[in-house]
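One structure, as structure tokens, below. Some questions next.
Chains: A, B, C and D, in written order; residue numbering restarts at 1 for each.
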Amino acid sequence: MTQVTDSHTDDHTGHAGHDDHEHHGPPHLAHHFETPEQQLSSAKLGMWVFLATEILMFGGLFCAYSVWRGNHPEVFAYAHTALNKDFGFINTIFLITSSFTMAWAVRTAQLGRTKATFILMGLTLLGGCGFLVVKTFEYKAKWDHHLFVGDLNEHHPDYVAPAEAAHGEADGDHGAVDEHATIEQTAADHGAADHGTSDASVEVAGETTGETAGEIVGGAERTSIALAPDGPAGVVADWMVAPVIAGETADAGHADDHAADGTDEHGAHGEAAADAGHADAHGGGHGDGHSVSKEIVPLKDRQKIHQFFQIYFLMTGLHTFHVLVGMGVIAWLMFCKVPKGIFGPGYYTPIDLVGLYWHLVDLIWIFLFPLLYLIH
Amino acid sequence: MHVLSTLAQIGSGNLGMPPQASTYAADIDWTYAFTFWSCTVAFVIIMVAMIWFIWKYRHRPGYVQQGAPAHSTSLELFWSIIPTIIFLVIFYYGFTGFVDMATVPDYAYEIRVKSRKWSWDFVYPNGAVSSHLVVPKDTPVRLVLSSDDVIHSLFIPAFRTKKDVVPGRFNWTWFQAIANAPIRTEGVSADDKLLDKELGLDYFDLYCTEYCGTNHSMMRARVYVREPSVFQEWVTKQADILGTMPPAEGGKYLYTAKGCKQCHTVDGGAGNGPTWKDMFGYKQPLVGGGSVLADENYIRESILNPGAKLHEGYSNIMSSMQGNITEDEITAIIEYMKTLSDKGPKPMEAWPDAAETPAAAVE
Amino acid sequence: MSHTTTPDATDNHNGHKDHEDHDSHHGPHVVPFSMLFTIFAILIVLTFATVGATYVQLGDFNLALALAIAVVKAALVCLYFMHLRWDSPFNGLVLVASFAFVALFIGFALMDSKAYTPEVDAAAVEMIQSDAEAAGQ
Amino acid sequence: MSTTTPPITPPSSPHSPSSSGGGGGEVNYINATKGIKSWMFTVDHKRIGLMYMVGVMSAYGLGGLFAILLRSELWNPEPSFIGGAEAGTTEAMNNAWDFYNQAFTLHGAVMVFLFIIPAIPAILGNMVLPIMLGAKDVAFPRLNLLSFYFWVLGGLFFVWVLSKGIINSFYPGMIEIWGPGGLETGWTFYTPYSTTTQNSAVVAATFGAFILGFSSILTGLNFIATVHMLRPKGMGWFQLPLFLWALYATAIIQILATPVLAITLLLLIAEKTLGVGIFNPALGGDAVLYQHFFWFYSHPAVYIMILPALGIISEVVSVHSRKSIFGYKFIAISSLAIAFLGFLVWGHHMFTSGQSALTNAVFSLITFFVAVPSAIKTFNWIATMYKGDIRITTPFIYILFTIGLFTIGGLTGLFLGCLSTDIHFHDTYFVVAHFHYVMMGSTLFAFLAGVYHWFPKMFGKMYNVFWSNLGGIIAFIGFQLAFFIQFIAGSQGMPRRYASYPEHFEFYHQVSTVGAYTMGAGMIIVLLTWIVALRTGKKAPANPWGGNTLEWHTTSPPPTANFHAEPTAEEPYDYSGWKYVSPEEGWVQRTPEEREAARQQLGTGH
């Protein structure tokens, strides 16, 4: 509580608010409150309770994330490589900075420095814009590589309907990555490696990081998977190409090391080409998942990989939605309320509340960033 | 009659529970009875006290209210702790009973249960499949449950066993049957009479208890408990059930056994799926325009991949039979459909080659 | 009844507030700029740290470390940017409770899903097998 | 005990009708302003409560209609109510089954989301919570209004789903937006059924429920802030009326659980519209995870439904027994304990789902602990009656029914918390009976008791006691007929959600159906007594029952600002300050000397 007294001396707000209302309720004081303090405390309490609901709401997604990651850590470890760590990092900086300017804006509003408040809220908005721009690039990249949510991929201009694809590139797409280690004979029967010559291999070999390739084989070594008989190529290796974009160098040879103790089929190839074969198959399976035969296609690894992107898009999508809402409210306050000069030591509730909201958005990103981008 | 039998059942020492036909049923009933009597005593105490107080302290002329304490910590602790102890005892019995139900003996006989909207397949280790569950008496039986579409739940009241059948995973349950059901005299349907020839009318009910769509309430099966030797005989015969009859008749058998009956009629009536009457050999209109001749290929495709060429006027609700049906069974169904249509070739009289009878299809 | 309150009532209000579990402060608490900037700087440094930590192989501890850093960052944001340090303790309790209930939710769900994963995997394997059979036909 | 710290305005004396120059002329919140706009844009919590009452009771009528329809369908083992003459053909049977499935789904969804969750908090809570606190309004009046409009919007989605279902059954495929009409997934929307079924408007319904969630959240948020910030001088936490404790605990659940429902429904909508597969095994999802999500909200939601009812019982029992509630602190704390423990037991809905044995055991154990606070409350109510001066009024009669039904509902819950017996009872009529005893029996009857208790305060009118009591008694008998027999049917193994059932269950179902009709008749009488009372009821005194919570310190109905003069906090359950005068004047305040004498006579200190 010493802090409270500190602040009083520190910032000449003193008992201004008090004096103000003793005689007459200020215009912003609702009829059922007795003092502005009571009103501000109520508003803050209400806001905190609202923030609690937000946390619980995101909590559901974090729960889905945890369960899937807990069950399929290797899928997550692999899939996250499709995300650009740098983008995530830049966005974190954007949000922290805008959070800082927002906190600063609350301070200036409390002190009644209208112009500074205006500028600082503008900077906060800019931070939000920066975040959105980066997100747009990220989403665009995913979209280009068919790493989108569920059926939305079908709307992609390059999307090849599985039925058509089945005629065009019918052969060649058996086998893929799976973490289910149990059935070796399946691995032997459907060892995907023999299909490793699809066009995707070129790209992959050229660009995949060694680590990535290793991951794939690491996964494949533990099981394999077969596609439905009509498993078409669909969109070729789309989910596979994405890490390619993120990756810097090709060092597919590394795959060998990781695959050394794996099944011989996979190990024998020991090249990125082999992995590309898997990737290809995955792409096929992926497309297949959205075809008419959805029902008969059993659970497959590609679907679990897909889980990551579904969760990624739902989490970041909901978060981005919150950023947008926050930006809307900030812009409204900044352009419609702040210039009127109504905020000062006696009344700054809206700025304070939107600040709390904005910080919460930041706070959620602080958890999203390591959980989505920095998986090991 | 119902009233009497109902009252008799409630009045019996069983407290309204079904007959005890599995090893752990008695234990569960004991827990049930313990809880029941504890609750009854508590309920009577509460109600008697309440009514007595209301009577004794009701407002009336001449009644003068006396003061009474507004709280008594010791009294409140008393009625907090006593229920807690009783609850913990109930929990303990429930828990130990559950542990028995969750611990399957190693040597249990394993039956696969495959379910879909809206039928059950019970697959025995020798490959025999039936739509009703037949189990050997006094033998632990482990049911491994899987679903092709949505969540179902297998419930056998007489065994006190229940487990959800969740798609995308295996659930299991087990029981050891100790008694068979009495022979039914009431409520025997026409279907029952057909089945009676095969298995008899002494069966327990098996229900699906997780809501699964239109015909959820018809997703029932019968449970027969048989002496192990009789069971062995039955399961051996069942493995080659198709071989014992001509293809078309086998198809008719499968029509019921595979649950086709739930959606497809054979008399031209409407159903969730197109009727089989006059289907074979006719052009069938398709969703999205066009038509297709209902020949062997089309029917085979529609069984294995129902959504591929969807019949006009129906939605894609059928689950693929992929993995749940053999080629011979498909053939038998096609032959049966031929008998229902006035077009197309005559059905086969007999299986073409002895070596290709369904027995060969059994692994 | 008018919305103006008598001075009596106001005093009274302040008086009774003392026994409330939230403390009312008599004016806004303004966080000094230097403090805000310091927190900002720490947050930036921690962001670099969390990225840097991913280049060190610590096995399972990578996740723990990343989460620990995130918790520290979140705590700093809450305490200083969101003024929780000077705010009513009940607001802090609301925040902590919401995190606690999320943890509870995730904890139970994880405890359960970990246990039934083998059944899920077994089913997946069977489906792959039956698929393979179908492909072989 | 609760003499206020600083002396301020004297306690407002109840407004006696004679002194104010008669009934109609008085300005109160109902007649303060006129016109439809003055209601639509009102921020007065009492008016919002009344608007909720109209809406929620309509929803109850709708849900009740479905209940009657589905009970009618169950009269015969084979559905014949809809199939009619052509019963027996596959088409007729499919129609009948689909009809039944839609009826029970809409019955459940409408009753849960539109009626029982908002019933007590949104109607009675809105009505009396601020008055009990001596406040002029809730903390955020505009959010309160917004919450009502969210409720309306959410309700409209259900009406849409419903009307689409009706229209589509006559003109199939006429409205194709968001899938066909009707809803046939069960109110639980279990995946993968809900995500794969093509004949129901899952998206519209879940979106409606999603919006209703916001309504619930805003109400809870408002109550928490109001209880925290707007308590009057002299009212510490332990002078809070127990109804407010219950509402406060409820609000905590609403705040912490409802967002999880929101995200669950959002994910469900995403699965349905975008083809996401987090819960759908065909796409690699996990159907059991959905159940965790769903029950993390929906089990605590059970306590959103029942806790306010328990609060009403505490109020009514104490007031009409003329005796301070026994063990105030135990009851208050037990509300919070139920709210907290209620979050830890959701897994008991999943004992047979393939949840792991360890999780089952943990959830079962905690389930038994959550029963303890409920038991404490029950014993405390009985002890409150001990040495009371019990007036067997209409609210009190309803409360006796409530206690009886709650006791049965609570005790049968033990069978379901107990692992081994739950395996047998799960998803049978035993469960149906159990939750109807708790939800419908306890919550509905407590709600009715609350309405009868506060009716004079809300409308300033008295109702006909004879018909009100008769309606309650008929509804109670009907209820027992309808549901007690379902315990037996359930233990025999009758599964729930069955449109056709084996013949040997026919007797139980017919008794149950008779009961449902009886209860429906009782409820119609109850509603009629309300309407008649509104039109021709005698003017109610300010304090017809002699209650001492603050709402009885103002006029009936209260003015827009709730009080004519600022009230002082009173010990809520000390009745020594009131004496009964006449039915017209009700109870009036004693002078300090008379009060002292009354205390002396009672012989104990409060």
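Basically, a residue touches a chain if its C-beta (ideal position, glycine included) is under 8 Å from a C-beta of that chain, and two chains touch if they have at least 3 such contacts.
Small disclaimer: the values here were computed from a predicted structure and weren't measured.
Across the two candidate interfaces, B-C and B-D, the one carrying more C-beta contacts is B-D. With centres computed from Cα atoms alone, the innermost chain of the structure is D. Computed from the mean C-alpha positions, the centre of chain B lies at a distance of 46 Å from the centre of chain C. The geometric centre of chain B is 35 Å away from that of chain D, both derived from CA atoms. Taking the mean of the C-alpha atoms as each chain's centre, chain A and chain D sit 39 Å apart. Inter-chain centre distance (chain A to chain C, centres taken as mean C-alpha positions): 17 Å. For chain B, residues that reach two or more other chains under the stated contact definition are 149, 168-169, 171, 304, 316, 322.
Taken residue by residue, chain C touches two or more other chains at 9, 13, 22, 90, 97-98, 101, 105, 109, 113-114, 116, 119-120, 122-124, 130, 134, 137, whereas all remaining positions touch fewer. Counting partner chains per residue, chain D has residues 136, 196, 228-229, 256, 260, 281-282, 284-286, 288-289, 292, 354, 357, 561 touching two or more of them. By the touch criterion stated above, chain D contacts chain C in their complex at residues 5-6, 8, 136, 228-229, 231-234, 236-237, 256, 260, 286, 288-289, 292, 296, 343-344, 346-347, 354-359, 559, 561, 563-566. Taken together, the chain B residues at the contact with chain C in this complex read 146, 168-171, 304, 322-323, 327.
Residue ranges on chain A touching chain C, taken from their complex, read 1, 3-4, 7-8, 10-11, 13-18, 21-22, 24-25, 29, 31-32, 34-35, 37-38, 41, 44-45, 48-49, 51-53, 55-56, 58-60, 62-63, 66-67, 70-71, 85, 89, 92-93, 96-97, 99-100, 102-104, 106-107, 110-111, 174, 178, 180, 182-183, 186, 189-190, 223, 225-229, 298-300, 345, 348, 352, 355-356, 359-360, 362-363, 366-367, 369-371, 374-376. Against chain D, in their complex, chain A makes its touches with residues 30-33, 38, 41-42, 45-46, 49-50, 52-61, 63-64, 67-68, 149-152, 289-290, 294-295, 297, 299-300, 303-304, 306-307, 310-311, 314, 318. Against chain B, in their complex, chain C makes its touches with residues 116, 119-120, 122-124, 126, 130, 133-134, 137.
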